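These are the structures in question, set out in turn.
You will see subunit A twice below: alongside subunit B first, and alongside subunit C after that.
== the complex of A and B ==
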């Protein structure tokens, strides 16, 4: 009984503390709002939600140069949770002026009226970006919902030393990739070329884009089409399912202690990843510095030259902002100005989306790849071949289904299960859109 | 919270009583009476305000949300694309038609069937052992058994996750060294045992302390009388101690049932490590998934209301059963 009452009294105290905290935050909000509405008097104040580390250092450069527009960075968590937070903030009428938004979240944010159409203020920013990237922020319409910030073109990373040791060749096509996987298994029976991770829908989406998949499309009359189980994606799912069934590709998820161990010890000889992979390898496989090499992603048809992307985000302006023009000015500056791009590379560690940010001397060879001096030259060539992704308003439903259904398919190690997982992913995504009231058909 | 209204009602009882007995003094008591009548409400105000702000209003809002849904208009992009409309009990029928949620509830029950008997059995056993006169270094042992409870659940889950993964676990290393079979702890039924192990490891200490405290409250004279009658320590434990601490056992049982229905931390922390855990493994994970990943707060609210009601009904039924049982026992 004594434990019980003590528990309650502590809970009440916490609630009291929370109430006090809340009131002071509310008061703070009210204060800053008042300041903002005084349009002509004093500088414009903008808040910017971002999860990237050190983003405030880049904003500080802007603030020094533009005393009339002050940007304050507010740190957020990344991924789906931030998306929900943004939607909730919009409902409450206090979404931030500026936000970092992943490409696949854009349709969801636009559908929830969080992102404003900034085409009125954006000018000729389009020319600063590769066409594939720009299409992702327009959603194929005349509107513009953000300025691309970073991109994650897919590449093939392999252990140069181990490939040489076991006489493995770097695959140029997916057929060769399968042969290399078999050869690797033969050479080192307890190792795998790489794994199929059911925890990373973003990678699967990127691989499907490379094959030409269009998961969501919308026509002029506003009718959506869900085509997750289209021929291209089926090809990708069957390919990986076949290799997992054969036992030459691992079925365990990425980003686990076991996976780190496999990369570090060399029981995974390669990794299909994006341009940001060196940053991951530094912490996941610290003992392998200088042993990796990057090559273009294997192709479906020999002679082709196309890649997909994994990750990447844009800077959007919210519909709640009272200073859309100022916000767009900042969004354009941070993603296209040479000084800002240099700071983004140096401080934030991103691979810039702007074409001019991908060349030049700002991007120095990653310290983890001292053996590949032309890392970023190759990366820029690959980035230029990125296929456009087609995202829809319920990406998260598809992603959750990928986790669950491809998870059990990977666990079963049966190719047929991969095919049925894809069909389930299509069905769940389609039905969810239909239930929400979208006009939608299946491809 | 309970203490505030009790104190308040004591005062109101005193006021009128003083009025009734002291008829001669008419002015002063009535003044104190008036002040006395309003006083309890002032004492109640802080609790009521907090209770309303952090319990009643959020629950009310969740219920209101659970009766609505979003309707998409046209292409579903831009302003005015979404409209919140009345959905009646639509979200609730969805909850009951949703087989994923049903499965998550069944999984929680399966998990509870392993955790609760094991954890409470061990807690009772340890409490009884610590309570025997022969127990040596009891304070130290008590601390050691309690210590895992002080480890935050998320850290415990991550730590056990490491120990469960074959390529990084020292246990697997030893199993490998001695040529013993290496079970997959994330597969099928083993998964339940793996989670149950974390819960038992973390929860036994707390329940043991609750039971042990009840044991310490038993007057020593009863034991002396039993010993004179020739009862052994085992007899005393079975015939005297367990019946007397039964209310504590019932209490810990309720805590455990509720904790089981709300299991979240362990499966959430271990989910990224394996293919075997769907995103709606436990009921709370299913709610989290629809609220914070799929941004469907309406469906999530309905599911949460159903889970809360089910927990309430289950607790109430169990309480009635145990109440009847203990009363019959006493009679």
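== the complex of A and C ==
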């Protein structure tokens, strides 16, 4: 990862955006030298890198209806590795025409000149999405770097049966959450309400967003500010650190066999997760069908109504493509057309970002939650309260630091270590950006 | 082992014989366990279905092996077999070409004196020290300049030259192909090509097979090179294909059962290859045609 990002020559997002406009114009003029990729007459051929399962089935619907633009899905892995691969491919001029890109990767991809500004072709797609989501693909500029595909608003999942059995109440605020954690520990000494996972920076980022954190901000002149250890994030880190130190919240990572087991056996009574949790619970805790219930995320101030997000991605168009207009047409179709949205929900299993995809008959009650018929109505209400995330060009550095530093803090079970881990995360992220040549200050 | 102890008992030197034999045996047994337990885990885990995988005892067999197999077979219309075929192709052809290049290079370096030989050899040795991982990205940039990225060539070309293979064959050629024999062949009027192909290669065969196997396993297990080189998922080898099953994004559970079953199937060709090729190694003892 770092090998490439250090070579970034563009200092600012805006300069990057301007250059992107230029390169894509040039690309549109067709100055290509290798003639075998869709230059010939006949249908336009587009490649689409994605990691979501069954995406090729959705593309097949498009291909059937649009014989002049053929989209081939090439399935890549997700996460940081794919980001590296995209940047490397871009360096060699081989980036795919279309790509799935997580929201937190957009600034990195833009500053590495991988994503094209598609505002020229995008039309009025903006109206199909909640404002907070659309802001994530514009990065607060006039440019548009992708079309939102899915989102992952945070929610609170709990074992309805066990909560009833032990007389626990569903927390509406984080203070109540702490009380519930203590009460749960008292009722079942070998169980925990949930865990603080140092493997999942995305969740921590989402919880911080809810508290109002802005980890990266950029001003009009392209000057960045890194504020990872701002007051909001400190509050979140101290809160979880305190509960871990107290011993009422587990300190083990998520997505491990042990964690699956804890969910399945009921030694974890709840899970702070996103709208896609039912799909994970099906395989992680197969014996608990119908025993879970979803509620809004606890709030910092009672009466507030805000959530963060965990995961979610967009469809972007690369600066290497020779068919930007066709690619945008597809990107827009797959994320806003009713038939495509229905297929995304049914085949790919995502929670669509488009507002009209979040209601209607497409999203039926998750099979794992037969006891909560209004699951997606509640989800849509919660999704509307999602705080906009503020991502920067080196999210991966911050995430790696989170894994390392919060990893040892969680192991130590000391609240003070959580605070110093956050300070380290801030320091590493800030210094990495400085090293990459960004104009940057600390909040 | 038993035989050893028995003999020791019979000759009466029990105490000493036991001490010398039990300790190494124990160490070896521990080593064997250490190597075999993960494989046993894979074998057993492949028999478990999704609900059993993480909830039952690790070494208790499950009931889902055939379901896992058919699910893997059905996954994206059997793309797994495409990956398997790709792996066989990359590893088989790559290792074959690599063994051929190593044979020629190693033989030349080991049996001919020419100017610059030591320099070339030392350069090669330096190549042994550079891990191939470091080269993956430069190789990618080079090959994509040549328009070969994301092609079968992009996997084959980087695996053809194996500095370690050349090094091994040089040592092997120096030890197993006697100069006397080469001179005798020259006296009889054989061309250099004929000496190489008819005399040297058969004599170096055990060494070449070692190179082939090393290279085969290295290519079979390689992840980074195909990861960087290949974009089209129908050209993926197994390693990369299985990775895409694991990394499906935060909102999707990783397909552990399929990956584990896929891993089990992926080691079968390697085991088969070793069993088949093992007998060629015994040639080592028989080879050598003159007395020294």
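We adopt the following convention: the second predicted complex is superposed on the first by the 403 of 443 C-alpha atoms of A that agree within 3 Å, B and C clash if a C-alpha of one lies under 4 Å from a C-alpha of the other, contacts with A are read in each partner's own complex, and residues count from 1 in each chain.
The rule we apply is simple: contacts are C-beta pairs under 8 Å (C-beta built on N, C-alpha and C of every residue); 3 or more make two chains touch, one makes a residue touch a chain.
Because the structure is a prediction, the values reported are computed rather than measured.
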Fit or clash between subunit C and subunit B when superposed on subunit A: clash
Partner chain in contact with A:261 - subunit B first, subunit C second, else both or neither: both
Which superposed partner A:351 touches (first subunit B, second subunit C, both, neither): second
Which superposed partner A:288 touches (first subunit B, second subunit C, both, neither): neither
First, second, both or neither for A:180, with subunit B first and subunit C second: neither
Which superposed partner A:51 touches (first subunit B, second subunit C, both, neither): second
Which of subunit B and subunit C A:96 touches, first, second, both or neither: second
Touching partner for A:198 - first (subunit B), second (subunit C), both, neither: first
Touched partner set for A:372, first subunit B, second subunit C, both or neither: neither
Touching partner for A:314 - first (subunit B), second (subunit C), both, neither: neither
Offending stretch of subunit C which, after superposing on A, collides with subunit B (from 77-85, 95-103, 257-265 or 275-283): 95-103
Footprint overlap on subunit A, comparing subunit B with subunit C: 3, 81, 257, 261
Subunit C-touching residues of subunit A, taken from the complex the two chains share: 3, 34, 47, 49, 51-53, 56, 74-79, 81-82, 85, 88-89, 91-94, 96, 102, 150, 152, 202, 257, 260-261, 264-265, 274, 276, 279-280, 282-284, 286-287, 310-311, 313, 349-351
Subunit B partner contacts - residues on subunit A that touch it in the complex: 2-3, 5, 8-9, 12, 15-16, 18-19, 80-81, 83-84, 87, 107-108, 110-113, 117, 139, 141, 143, 198-199, 218, 222, 224, 251-253, 255-258, 261-262, 319, 393-394, 396-397, 399-400, 403-404, 407-408, 410-411, 432, 436-439
Of subunit B, residues touching subunit A in the complex: 1-3, 46-47, 50, 53-54, 70-82, 161-162, 165-168, 209-210, 213, 272-280, 289, 291-295
List of subunit C residues in touch with subunit A within their complex: 50-51, 53-55, 76, 137, 140-141, 144-145, 147, 149-150, 227-228, 231-233, 243-244, 246-253, 256
